[in-house]
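Both complexes below contain subunit A, partnered by subunit B and then by subunit C.
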Partner chain A sequence: MNKRFALPTILVIVSALLAGCWDQVQIEERGFVVGIAIDAPRTKEVEKRAAKEAPRKPKVKQRFLVTHQLVIPGGLIAGSQGGGGGQNTTNEAFLNLTSEGDSLFEVSRELATRTSRAPFYQHLKVLVISEEVARTPNGFANAMDFLLRDPDSRRSGKVFIANGLAKSIIEVKPKTEKLPSLYINSIGENIEKNARMLPEVRIGDIHEELLNPFSFVIPRVRAEKNEIKMAGSAVFSLYNQMVGFLGEEETEGLNFLTGSIDGGLLKAKVKGDLVVLNIQGTKHEIVQDLRDKQNFKFTIKIECEGILAEAYALMDFLSKEETKKLERAFAKEIERMCLDTLQKVHKEMKVDVIKLGSNIRQKEYSLWKQIQKDWESGQRLYEKSTIKVEAKVYLRNVGSINRSELEEGR
Partner chain B sequence: MMRKFFAQRRKKKTSPFSQHMQQRQTPELTLSPNLADNLELFRTLLGNPHDLLIRTFLIGNTNHTCAVIALDGLADSDMLHNQVLGHIQLMISTSEKSVPPEPDEIIQLLFEEVLSVVEIKKETSLTAALDCILSGDTALFVDGSSELILIDSKGWKTRGIEEPVSEGLVRGPRDGFTESIRDNTVRIRRRVKDPNLRFESSWVGTRSKTELIIAYIDDIVDHEMLDEVRRRIATIDIDEVEESGFIEQWIEDDFLSPFPQAHNTERPDKVSASLFQGRVAILLDGTPMVLILPVTIGLLLHSPEDYYERWIVGTLTRLLRYLAAFFAVFSPSLYIALVTFHPGLIPSDLAFSIAATRDGVPFPAFIESLMMITTMELLQEAGLRLPKPIGQTVGIVGGLVIGDAAVSAGIVSPVMVIVVALTAISSFAIPSFQLAIAFRMIRFFAMFGAAIFGIYGVILSLIAIMIHLSNLTSIGYPYLAPLAPQMPRDWKDLILRAPVTFLKERPQALHPEDEIRMRTGDSK
Partner chain C sequence: MSAQTLSEKMISKNHMGINIASVTVGVGILTFPRALAKATSGFDGWISVVISGLVALLIGWLLAKLAARFPRQTFFDYTAIIASKPVAYALTLLVCLYTMLFVSFEIRAIGNIAKQYLFYSTPVEMITLSFLLIVQYAVAGSRIAMLRLNLLFLPVVLVVIFFVLVFTTQLLEIENIRPYFSSSWKSLLEGSKAVGLSYSGFEIILFYTMLMRNPEEGPKAMLLGLFIPVSLYVTIYIFVIGVFSAEVAKNLTYPTIDLAKEVEIPGGFFERVESMFFTIWIMTIFNTCVMWLDITILNLTSMFRKVKKMVWILALSPIIYFVAMLPQNLVDFFAFADAITYFGMIIVYLCPICLLLIAIMRGVKGHE
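What follows is the complex of A and B.
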């Protein structure tokens, strides 16, 4: 009996011992990285020092200045008794560590020499990349590679392009949240309230976009004193290089064109006075006419419904004719915005961020296979195509009151 | 491998058993016709105890000596005075018949006419008579006869019928079993007025001679199972049996398993319901704990109240209980796994706040939970041992030590306290105390798994438990039935408790002879 039990017993013991506990790190010993900002280094100082230490080291094309934002959990507890942590003297909930290096992995490992807590990327919320890095050829893809490849990081972090220095974005000290990264993250979730914000783009989505033969957009952030502003978007060409920014209104137009509006507002003028629509939802359809290769025709049909939020114009909103007038005014405003955006992305930047190419690929795959080389590059069929916009607005509700004041009062 | 091991074990046990059976039958003493000799023999056999009552008297006007032997306290003295001695003296002196001269005839007269007791028999074996006296009967001798009369005079003090302590319910009958087996059979008979209810009486314990009754309903129970129960009980060979636990441990299928393979209860309603399902109950004298066989996991996780309350309530409480079973086993191990291996699986804010509360705790999560769970086990054990008034103190001291002092001393984190509390509360929500104990043991197993492999280890331990459970049998019946083997018909009374009118059949898992409970549907 002893012999019979010996083998299984040894196997169990060995498997338990060999397995070890290599992944076992107590939760309080992890350095939760919630935000990363990637900049291009401004000075060559570090590079020079490195060259002096190892003169024969091969030179690299690009270097990164990476800022990791680590959470100091002790600082998160309001009025913590101070007994626990000890190392947290300023009672701040985060710690920004900036390092320079050739690769992100190098920087990540370099952090181990500077902090007691090894970086842990599974709670990464925000990745901010500076305009400068994004504008260098392949810079954006290079900066993303580590986070996409590392099995320890998640694909759900949100990606932003900083208008200026990326570091300054995650260094803001917001009043409402203790962690700047969580603050940026929550702002990114407010798309329902504002049509001028681009829907969130996650690290996983970026991977898809990098592999796709299309141009794409990423939300833009700008740091102000104690807050950040998230509006506008950065446009990337199909070669994954940033080509420019879209402004706030242009972004709104783009949102209408791609049908990614969940909520927001729309201003229009009726009878010389302002009326504001609270958007409740949009529908969006692309009708394509692909008979002439040299002149594809696209009609983007946008249907939008909403309720009246504010009206300075004096009119009877209960009459059908008047509301029709209103609806037409709003529709015109949408069309205007969309055309403005098209003017910029279609005529000036010449990037297909509306994903018309993707629409062809979905609906006419055989045709797409023939033309895909000539869409945004080669023969540039995208540029040669005609894009029209038709908008329709349904006013579902005029609010609790009809008028706020009588005409005689004015 | 295991099976062979058991086969060997059984073989070893059976050999001394058969020897013993022969030994037991050899010292068969018969009565001698001489009364004085008989009395002397009794005295020596029992070691002349001070509680042995011997009353010799002359019968009627003859000079035939008679004697009554009983044990003080076991025999009902009132009954001895009135129905036995009183009747003999009175009837024979006043009766018109004269007392016959032959002792055997006197015995016959007493047996047939004089003694006004229901349970009465003649006996020639002295050994048998001795057994009966030791269980409270009274023996009546007549000098010159080699027969004696045994009168059932059992009448000792018993505890009254009280509410079952270990299985309280809000709704349901309040009576529980007592230590007296007669009272217990009455409790069952009161509920089961089926003529097919059978009580098979025997005794176990070569010295203690404890009465044991196998109860079943003849036309419902699976007779194959019944035979197996009988066979296993017949193999029991111990000198004394104090509690049904001895029976349970002797007849169980797998002695290495942490899971109970016989269910014990002190609720008569549970026993009668089980009998109607086709199970067998084993009653033992001297204990209020009745064994129910075979066990399926459902029997342990269900409470009688599930059936007494309306089906929606019953179903929801059952769901809650299955959830409690999961928490009772796995919550500490999940805590360990998540905190030490996979903080990425915890929502960010929660992860940060756990990290913040654990800041400065000197032990790794595994040691921390091991300490806390062990302390909880200690408290539970200590609370059981202490008399009731002091028991509360343990609760207060334990609560303070665990809940507050340990946290403010920085030995454990507050989240750990929540986990321990959740675990403890969950394990109290399991109706069967035995199953709760089994879960307490498995909990440590899962914690070790979690400490070595993380979530992977928790899953591994779950798989190991599941493999064990699906291999486990109770009297040869699969423990996990009706889940494995699958019996979809029984599922309406597993996690879901279907409305009473839907429960038309008895559980298939028990192979009842009569599967149908409600025949109203058939008649049309």
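What follows is the complex of A and C.
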């Protein structure tokens, strides 16, 4: 008797448990967010409307205009024009949705009222923040908090600072890729081809930079008609507020100073004509002399190797003396570039983006503990220090030819 | 009941070691880098891991010695021989309370973390309940068979963790690891205390030695059993600091989960490695949890021989579930964890060591 009832009872209970799945989300209902752009609002209209609706709501200092880029999977399939295209009439692979609010989470949830696909951040690739947001005090850190805190998002997305509107960056329509965000993401991976791009900065790295007491740099992007240009960098003070931009040349100098060059080119003048080096690797070492607190001395030693890529100068590249001359010319060029960058970051902006402070911390920790407060702020020991640059270039190879033209030919 | 299990195959030294490693690796593995980075603020935390590992080994060695003195006897039995029956009743009941609270803690941890990262809208009560049901099922069967699951799971766990770590090597930054040897002794000891909480579990030797073929090999099993977690913790800590830097590690709720989330496998066809990590982590919690519940039942049945195992399982589960639901938020939950561990330090470390001293002084030994 007992057993006859037990089995059906258990079956009923178990099937009741099986039927429910609270977290069921069909893949068609997910809105994969691949890019986010954060701007400051252009007008006060939305703010006023919100204030009218709820006049007693507490006001916050800052509002964001956030653009989410969602993927439309149908648009990704090549040649799906017409016919089976379905709801996707423009045949674009992405959808940009812009909303305004004082919190990023609010904006994210507001999207749910506007799109059939709720935003899903696990595959976020690119985060673009406008110069205006980055320049407001705490604006940058506030804009990052949601993405760092949300367990649903990842720390591996890449961060860029837009020169101008951030929204316009993820709105470009590149010819080579279907998704603007992936296009930006791929450009970021080309660092080994060009020394003027800053190494990519991930959301996780930003968390590190926000927490530690150093200045830092983030790659800058600029939108042009059908493309973006990623060169130069945005400089942030130790208070995590943007203080200015570095140009392309200066970024290259900075890359040399921090030893983060994997490849690129270097131009120099020899005998009044141009020679170009294809950089194949650099080595970098900081020698510090910390005896005098009021005048720390740093020597940044840069060793760079590469092959000759292009030469207009007429000379015998296979001779030893000429090679030495070339190497010296390239080394001088590196030094010039670094000194120009130093002039700007050390003398004008007064930010330690070369991470000399971090170098002291790593090697002389007890000293660092004493001067920590007086490095970039307080007594400003960083400003008072002397920084020298010594470069050395090794020309490993001259390419397939020695001369392309004889002197008599000119 | 114990006679039946004892008639089955006994466990070997290495198996006991694996049991200890499985029970030790649990919730602590996710949170200890935060506590450690906070205390030592740097890479030197690995020294703390080793220090507290050695302390755990010392305590574990003493516990193993105690249990080895009384082969084939339960904790309750030998406590009664050493320090009279009433003391044995009181102490064993306290041990049961401790192990039961531990089960509550573990199932709540599963609920919390699964809710935060995997099931956003499933109520935490439901996740916890379903996990508890599985644990009940595992405990209801044969004890030796259940312990054999550890042999099956632990290698998988270690391989997956190794896999995750290999793919994070590209994110390691030397500047996060430097400076070396910069922390003071005081902060290192503080760190040892913080990480010590993640070693609790090796006291199972007190209760499971009776299942060992050669009980005198208990201390050696302890060595193996603690070597695995110590080396695992050191490696994970080095990677967490190397990838995140100490400042960030201090500010991550579960640094080890975030480490798994950082993994990017080149090619882009497999993006969410943390799903694999969650799978194996739930396996380790399952093992831990099952052993704790089993020890609770083991101790209760050793005291009250007339009551059946199944009765205890069914009677205790609602209490365990209720206690698991008591912490209202994450802060409460962590405080709950600390309270259990401190309670455990007295009940399963200090008291048994006292018992061992008494046993040595009075020359009490078990019969073979």
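Simple rule for what comes next: the second predicted complex is superposed on the first by the 384 of 410 C-alpha atoms of A that agree within 3 Å, B and C clash if a C-alpha of one lies under 4 Å from a C-alpha of the other, contacts with A are read in each partner's own complex, and residues count from 1 in each chain.
Criterion: contacts are C-beta pairs under 8 Å (C-beta built on N, C-alpha and C of every residue); 3 or more make two chains touch, one makes a residue touch a chain.
Predicted, not measured: the structure shown is a model, and the values here were computed from it.
**Q** Quick one: is A:G204 in contact with subunit B, with subunit C, with both, or with neither? Answer first, second, both or neither.
**A** second
**Q** With the two structures laid over each other on chain A, which partner does A:K363 touch: subunit B (first), subunit C (second), both, or neither?
**A** A:K363 contacts subunit C only, not subunit B.
**Q** Of the two partner chains, subunit B (first) and subunit C (second), which one does A:D23 touch, if any: first, second, both, or neither?
**A** both
**Q** Figure out whether A:R135 sits in contact with subunit B (first) or subunit C (second), or with both, or with neither.
**A** In the superposed model, A:R135 contacts neither subunit B nor subunit C.
**Q** Between subunit B and subunit C, whom does A:Q122 touch in the aligned arrangement: first, second, both, or neither?
**A** Both: A:Q122 reaches subunit B and subunit C.
**Q** With both structures superposed, pick whichever of subunit B and subunit C touches the larger number of subunit A residues.
**A** Comparing subunit B with subunit C, the partner touching more subunit A residues is B.
**Q** Looking at A:N212, would you say it contacts subunit B, subunit C, both, or neither? Reply first, second, both or neither.
**A** second
**Q** Taking the superposition on A as described, I'd like to know which of subunit B and subunit C A:S156 touches: first, second, both or neither.
**A** So A:S156 only meets subunit C here.
**Q** Is there a shared patch on subunit A that both subunit B and subunit C touch, and which residues make it up?
**A** Of subunit A, residues 23, 122-123, 154 contact subunit B in one complex and subunit C in the other.
**Q** Hey, which residues of subunit A end up touching subunit B in the complex?
**A** 1, 4, 16, 19, 21, 23-28, 30, 32, 34, 71, 73-74, 76-77, 80, 83-86, 120, 122-123, 125, 154, 182
**Q** Applying the document's contact rule, which stretches of subunit A touch subunit C when the two form their complex?
**A** Residue positions touching the partner: 17, 22-23, 122-123, 151-152, 154-156, 204, 207-208, 211-212, 355, 358, 361-363, 365-366.
**Q** Residues of subunit C touching subunit A in their complex?
**A** Result: residues 116-123, 126, 130, 175-176, 178-179, 182, 244-245, 247-248, 251, 258, 261-262, 264, 271-272 of subunit C touch subunit A.
**Q** Enumerate the contact residues on subunit B facing subunit A in the complex.
**A** For subunit B paired with subunit A, touching residues are 1, 5, 339-341, 343-344, 348-349, 351-361, 364-365, 410, 451-454.
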